[in-house]
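Can you read through this structure? Questions will come right after.
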């Protein structure tokens, strides 16, 4: 058996290979908008810097008329027209990556004023803020609580519980779980029923009687 | 020496040299910012506490809860079946192994939903799929599942049905440790279900 | 886009179907390149035929170059591609044992099945013996376990361990491959042609 030199097939294969790569290179174009931070840098920034501003701080600054903050309203134009933080600019959340919006952010990027994003609540502002932060805008922060809290806020007697901070645990979860399971394991079943589930008993009876 | 081989070797070397210059752009395996923003604005990545409770009670094997709080917080309390992946460890190999399991829906949760949402964005940007965020987080979990509030009498029937379901769920989650031993809790769950159907039939 | 199954474009149940198709294609190429002949395979060690080295090295560098271009173009997400875990000590010993078996039997595992499929008796014996070897290893696994798991480096690639950028590592690999092809062709010319 002699070795057959299949060089023609090799040539065809390699021409195809190069052609596929060239087609790929031609058809892809670099996206217009690119991330400036790597995922690792993003995590570092999330951990190490203060990214949130309390609505109280914003309200105080607005009251004295300082230009410490540039507020961006991420709600729809309709909601914006019904009420907003005075002096804020309306850029709906789905349009923050449009050309004009990015130009606006570029213009304000170098200045000392902090860009404050707010929406109905903080969760809604969080996504757009994360996107802008990963695009490399460093002076952008999001407002805690959002418009829901800001609109209701009373500057004279602000909420002492800081209830706009949704990330603080409002309950001691472990205790809730422990209390209910402890009463079960330590007490007799009868006791447990009286302590933990009084509402339920009432409820079931009421329904049965009703029918 | 065959001439074709020389040409083929040159092609390979050229392609290899090309690779050196290409590596300057590592970003394109990621989801681009505009697509990510669209997905965020859809708000379809949220899962409600009621849906989650129902899926856990039904024993849905595809639920994989991810606790993104710090290890210290997570040591105190975690939802059943959750794995703790603190924010700082999100990109490690172990976390990647957790988040690429086959056939799982990954549900991030924290105290509220800010942190979980941020974890969602970072993981989604890396191209991972089937990720969700627990709407309202553990605070909402306590308010709606562990300690549900009865609806006002004027509220529609749906509110009462929901409340019944939540009571059952509450019992499942707070008394889950004794559920096997004592039959009372289980019976109670059944009872609430029964009364619900009866109520509808009776036309009350 | 790719890899198709980890990025949920195809259902995981397609795994076996794709494996079957790729396996048939692989076997076909092996057979058509003459890899079902144990003399041709053993020729690498005796120096009269280096086709095995050329084919597998070419396949490796072509695939690697193609993959990294595909990654740049966005057709594949390399972070989702599975990388075999590396166990240094056991890999070295395992490689030596496999090389010994390769010289003695004239087949590597894949080609032995390929040759068995076209009815070569030595290949059938070889692949049966391989199964016996697997059985023996499995039975003695508790004894070998600590060694089997030694030298663990994680799921790493060579350029990560060396700390080189991918591009430079690929260039080095290509140059090494082409150098090997040249040197082996020189050796082959010197050695008297063996009729097999």
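When the chains are written out, they are named A, B and C in that same order, and each has its own residue count from 1.
By our rule, contacts are C-beta pairs under 8 Å (C-beta built on N, C-alpha and C of every residue); 3 or more make two chains touch, one makes a residue touch a chain.
Only a predicted model underlies this, so the values are computations on that prediction, with no experimental measurement involved.
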{"item": "Pairwise touch network: line, ring, star, complete, or other", "value": "complete"}
{"item": "Pair of chains joined by more contacts [C-beta pairs], A-B or A-C", "value": "A-B"}
{"item": "Where subunit B and subunit C are represented by their mean Cα positions, the distance between them in whole Å", "value": "39"}
{"item": "Whole-Å gap separating subunit A and subunit C, where each centre is the average of the chain's CA atoms", "value": "47"}
{"item": "For subunit A paired with subunit B, centre-to-centre distance based on mean C-alpha positions, whole Å", "value": "15"}
{"item": "Multi-chain contact sites of subunit C, meaning residues that touch two or more partners", "value": "62, 69, 72-74"}
{"item": "Residues of subunit B whose C-beta touches two or more other chains", "value": "5, 15, 25, 28, 126"}
{"item": "Two or more partner chains touched - positions in subunit A", "value": "21, 28"}
{"item": "Residues of subunit C that touch subunit A when the two form their complex", "value": "34, 37, 49, 51, 62, 66, 69-70, 72-75, 196"}
{"item": "Subunit A contact footprint on subunit B (complex, rising order)", "value": "2, 4-5, 7-8, 11, 15, 25, 27-28, 30, 32-34, 36-38, 40-41, 73, 76-77, 87-88, 90-91, 110-115, 117-118, 121-122, 125-126, 137-139, 142, 146-147, 150, 164, 167, 171, 173-178, 182, 184, 188, 191-192, 195-196, 198-199, 201-202, 204"}
{"item": "Interfacial residue positions of subunit A with respect to subunit C in the complex", "value": "1, 3, 17, 20-21, 24-25, 27-28"}
{"item": "Complex contacts: residues of subunit C adjacent to subunit B", "value": "6-8, 12, 61-62, 65, 68-69, 71-74, 76-80, 154-155, 165-168, 170-171, 173-175, 177-178, 181, 185"}
{"item": "Subunit C-facing residues of subunit B, complex", "value": "1, 5, 9, 12-13, 15-23, 25, 28-29, 93, 96, 100, 102-103, 126-127, 129-130"}
